[in-house]
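Heads up, there are several structures right after this.
Okay, so chain A shows up in both of these, paired with chain B first and chain C after.
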Partner chain A sequence: MSSPQMLNSLPATSGAYTNGMQIPKTVKVGHLNHYFGEGELRKQALYHNNLEVRRGEIVIMTGPSGSGKTTLLTLVGTLRTVQEGSLKVLGHELNGATNDAIVRLRQELGFIFQAHNLFESLTAYQNVNMAAELQGMNRKLADERITYLLTRLGLGHRIHYKPKSLSGGQKQRVAIARGLVHQPKLVLADEPTAALDEQSGREVVTLFQELARNEGCTIIMVTHDNRVLDVADRIVNMVDGRIRSDVAVHETSVICEFLRRYPLFADLQTSTLTEVADKMMVEEAQPEDLVIRQGDPGELFYLIRSGRVDVVVEENGEKRKVAELGEGQYFGEAALLRDEPRNATIVARTKCLFYTLGKVDFKQVLDRSKSFDAEVRAVLASRT
Partner chain B sequence: MPLFNRTPLAWKNLTNDWRRLAVAVAGIGFAVILMFTQVGFQNALFDSQVKIIDDLQGDIFLVSRAKYTLAAEKRFPLELVDQAASCPGVSGAYPLYTELTLSRLKNLSPGSSGKAYPIRSLGFHVSDPIFNTPGITSQLSKLMLPHAALIDVRSKRENFDFPFDDERALSAVSAELADQRISLVGTFQLGTDFAHDGNLAMSAENFAAYFPQRVRVGDPLSVVDVGIVHVNKDANLNEVRDLLDSIIDDSVFVLTRQQFRNQEISFWDESTPIGIIFTAGKIIGFIVGMVICYQVIYSDIADHMPEFATLKAMGYNTMYFLRLIVVESVLLSFVGYVPGWMASAGLYSVLADATGLQLHMTLGAMLLVLILTIGMCIASGMLAVRKLLAADPANLF
Partner chain C sequence: MKTPLAWKNLTYNRVRTGVALAGVGFAVILIFMQMGFKGAVRKTATQIYDALDFDLMLRSPSYLHLTEPRTFPRERIFEAASMPTVAKARPFYLGLSEWQAPQPDDVPPDQWHGQWRGIITIGVDPNDPPFLPEDLRDKAAELTDARFVLIDSKSKREFGPKNGSRFGPEDIGVETTLGSGRVQIVDYVTLGTGLAANGACIANYEGFARACPWQPLDEANLGLINLRTGVEPNAAKEQLQALLGPPTTSSTPSAMPADVEVLTRAEVKAREEYRWVHQTPLGKIFTFGVWVALFVGVAIVYQVLSTDIANMMAEYATLKAMGYPNRYLATVVLQQSVMLALVGYVPSLIIASGLYAFVGTWSGLPMIMTWQIMAIVLVLAVAMCTVSGMFALRKLFQADPADLF
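After this line comes the complex of A and B, so read on.
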């Protein structure tokens, strides 16, 4: 019997193990540092950034201005030269890549900039076509796709208008169509919805979702627009050049849902639950692995993400299986609550994935839960 | 990558803003006009140097080897002309006499300055087929009288103020050539050039009478300025020329009409400052055009930096941008050339009327200026393209 494996202290909310081991990543950032300026004025803009983005994911990057998210976006977009660390985009290592390789790679990327950058001399159709032409797309297919995208973005009646007869939002939508027309594998967008009203902003992100689902297109978007956060599969928050959190939205909500089933956590607000989820780490166990041994000091709270375990209690030298736990269930809380040794042994039945929470964090959460409860009682009691 | 069926971005950008296009066309058109005037004046001045050659009959010309230009009074013996006449394939050879040093014409009519001014005198035997201009050949009989001469109506007016329009009044004018009475019995048209302010045409006999000092001793008609050789219609011109060259004394050049013309023009072009001045003029036009063209292309690039940077981000490579700017330059040169050419053609006809210069819009001049214009636009485009290549898509986010 062996112990379960800690996986490089991988946070539970990274979603890295949601669907088992993942196929090649669209973007893989490893220990990336970036500096601006030279000599005395050299200033570090990115510190040890690590990030993985899977195919078909929509990633939203947030953070205050100057936090480095735009720098990271331009690096991923091959628009800046990688200085230190590794950056793989669509399987190509960008650190030390040749100019030709970069120009070729760019054709597989789609860019949507904050400014529309349309040629005033070209119609909406021709502007979009500039991207299609470069790929040598089949004329008929390109024509269909341009018309589809522009119509889809609410510009069906303005296809042959020049930018000067379009409103700011319409121009931005033309630029979005231009960024998507050549079926890019990776779209990098900077505030794509900032210039749009709610309805067309919604239309744009819905289109993003469709592309992500139907064409496996990966989208990395910097935005401060709270109205579109719901489409994100992953939210990356950056502060001062560091990735502060990198959270898989769906996985986090699954964890929160599970945590809420635990009576002591049931009263917690979603924001608190999210924080708890954020502190959990991933652990993996093979069948027959011993997860907890009865009598050991308790250090972790376990949540089963997948797989099944047996609960075995040893009494009077006799081992007795008392229960079998599955996905969404938890164990290990009793020892933490009462500072006692483990009262049962847990053995993995199948291959298992756990999300674990440390003792200190666990207690902190409980305190907050209590104080919240007490606060509510106090408020209610003070009502006369 | 297919070249056709692509979005004609260069053309679209060029024509998008008509005000900018108008400025570009005006600027480049101006440079085109500058170059056309230089080329035109140069050709006109060279043409006027060789106008007399164009007005002569004959296929082959004999001139003294020392005669580096028509204005240089270097002569050769008359016998050589006779020798040429006896050469196989030659139908006739005739002498043409010219005189400038001794030839001074003085207007003695009341109100004139009474000063003598140099004028070129052309002497020839009236029976010889020398000139092909009807202005002279129709008046040959008048020249047989003593003291008779025809005067070039395009002679410089300030020096030769004669009533050219009225033939009766002209013949009544009292004038002296080389201090002898002369009667101007009619007019013809030849034109002035750098060396000659006017022309007189007269019979060889009269010529000899006016300028006996042409030679120290003997017959003034024994030395010839230009020998004019007529070749048989069925003979090969070049063969006859080569034959003459081998027969005739080496002190004489044997030249075809084209060689004669080229020799005269190359003297003025290469051995005088004229060629340099006009070349400098063309270079100035070229530079002015380059500056204007550079401004147009540069500001077009500068105004579209984010758009070009976006194209770069999309994956358009350096070759695409170079080609884009070359195409834009060539288009600019054409849209500037056409109106510039039209304006120049108009200017030529106005100036030709005003100055009497031979300003012709020749195919050669048109091609030369077109090539210069295209070169000028491409050169400035290549200077401006550096700005475009510096466009950094990293600044777009």
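After this line comes the complex of A and C, so read on.
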């Protein structure tokens, strides 16, 4: 019997093991540094960035201006040369990639820039077609898709207008259509909705969601627009060139739901639960693995993300299975609460995935839970 | 069909394209003019020879160019005439004399201080003038007296035409001084001396002797040989040179006559052109002028194209970001450059032709728009635009797209 494996200190909220399954990565950023300027004026813009984006994910990057979001986005989009660290996009390492490889890779990406950069001399249709043409798309299919996208983005009546006769928002939507027309595997968008009203902005992100769902397209979007945060599968927050948090939204809410079922955590606010989720790590166990052994000191609190375990208690030299636990259930808390050795042995029945919380963090959360409780009591008591 | 981006860009912003065309056109006209001047130098050299009737030419080995022909003994020409292949051998005299502008009718004789000008004086035999153009032959036949001259209508106005600009019919009968004697203009011809001299006149042998008294008539400047039909000029030249002895510039007396060089018509033309274009300061100046015009042209076109590209840098960078290879961007910009060159060329050709005619009339220079000049300037214009376009693209090629937005 082997013990369960700690997975490279992978945080639970990274979403890497959503539904216990690993989804292929579109973008993998490893220890990425970036600098602007030369010599004396050289200034570091990105510090040790690590990020993984999975296929079909919609990632929203937030953070104050100057925090490096756009720099990271343009690096991922091959629009800047990688200086230090590793950056893999669609399986290609960009650090040291040849010019030809980069040109080929660019054709699989879709860009939506803050500035629309449309050719004034071409109509909306022709501008979008520049992207389709490059891919050598079938004429008829390309024509259908261009018309579909422009119509979908509310420009059906302006397909053959030149940018001069379009409003700022309309130009931006043409640029969005141009970024999507060639069915890119990865779309990079810098403030795509900034120039749009609420309705068109909503239409754009809905379109993004459809592409992500139907075409497996991955979307990385830099935005300050809080109205569109709800479409994000992952929210990356950057401050001063560092990735401060990188959270898979759905997985985090699943963890919070699970945690809330634990009576001691039931009173906690969502923000506190999210923090707890953030501190949890991923652990994996094969069938028959011994997760915890009765009599050992307790170090971790376990939440079962998937799989089933047996709870076995050994009394008077006799092993007795007392319970079977499954998804969303937890174990290991008693030893932490009372600072006692484990009172039971846990054996994985199937392949299991756990989210674990360390003893110190666990206690901290309980303290906060208590202080919250005390606070509420104090508030109630002060009422007359 | 691919989107014709270069064409769309040019036709969309007409003002910008107009400015670019004006720039390209200016540069092209500049080159045209310098090519025209250079062509005039070349033409200078051959204008008179083109009008002369000969297959082989005898001349002094120390001949320099048209207005510095030097002399050789006239008997060599008669010796040459003894060759069975030679049909005709005629001496040809050419020297620089002095011409006084004729006295206008309304100026009293005691108040006339007419300007003296250097003039090319040609001496021919009026009974058999060695000219190719028929009207020149007919008019030369009028030179029955040593006092008669034909004046070149392309002579400059300082030579004193009655109408103040060109010699014409109204100058017939006018008297003036040439060299040391009085002469009368009996007719006018169109010959042209280009950059070699400001004017020319034709007299008979005796008239030439009066105009250039320092040169005895038994010392000829050129010997014009006509071969019998069917004789190969190069072979005849070898024979003739063998007969007359190898040419030498040595002044040591020698038993063999060695004072004449025999050249074919093609050699004469080639050497004269080479002399004027490559050895005279004039030719060098205009050859240099072509280079200067080219550099100035490249500078103007580069300025125009790079501004144009800079204006669309974000759009081009977007194409680059979309995965268009540098090759495509280069093609678009080069197409644009070549279109500008071609479209800018046509009006420039028309304007330059007009300027050629104007400068030709005004200065008397033989400015002629030949198809060689047209072709060379067209190639230069396209090359100029292409090179400038490539230079302007450098920034786009080198920079990361993200730095260009």
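Note that the second predicted complex is superposed on the first by the 379 of 384 C-alpha atoms of A that agree within 3 Å, B and C clash if a C-alpha of one lies under 4 Å from a C-alpha of the other, contacts with A are read in each partner's own complex, and residues count from 1 in each chain.
Rule of thumb we're sticking to: a residue touches a chain if its C-beta (ideal position, glycine included) is under 8 Å from a C-beta of that chain, and two chains touch if they have at least 3 such contacts.
The shown structure was predicted, so the numbers you read here are calculated from the model rather than taken from an experiment.
After superposition on chain A, the partners chain B and chain C are seen to clash. In the superposition on chain A, A:L122 contacts both chain B and chain C. With both structures placed on the common chain, the touch criterion links A:R227 to neither chain B nor chain C. Contacts of A:G136 after superposition: chain B is touched, whereas chain C is not reached. In the superposition on chain A, no contact is made by A:H160 with either chain B or chain C. In the superposition on chain A, A:H31 contacts neither chain B nor chain C.
In the superposed model, A:R320 makes contact with neither chain B nor chain C. Of the candidate stretches 40-48, 238-246 or 256-264 in chain C, only 40-48 runs into chain B once the two complexes are overlaid on chain A.
Contacts of chain A with chain B, set against its contacts with chain C after fitting on chain A, overlap at residues 74, 77, 79-80, 103-107, 109, 111, 113-115, 117-122, 126, 129-131, 133-134.
On the side of chain A, the complex with chain B involves touching residues 70, 73-74, 77, 79-80, 103-107, 109, 111, 113-115, 117-122, 126, 129-131, 133-134, 136, 139, 190, 222. Those residues of chain A lying in contact with chain C across their complex are 74, 77-81, 103-109, 111, 113-115, 117-122, 126, 129-131, 133-134, 162, 178. Contacts from chain C toward chain A in the complex involve residues 2-3, 5, 8-9, 11-13, 312, 314-315, 317-325, 400-403, 405. Only residues 1-2, 5-7, 9, 12-13, 15-16, 304, 306-307, 309-311, 313-317, 392-394, 396-397 of chain B touch chain A when the two sit together in their complex.
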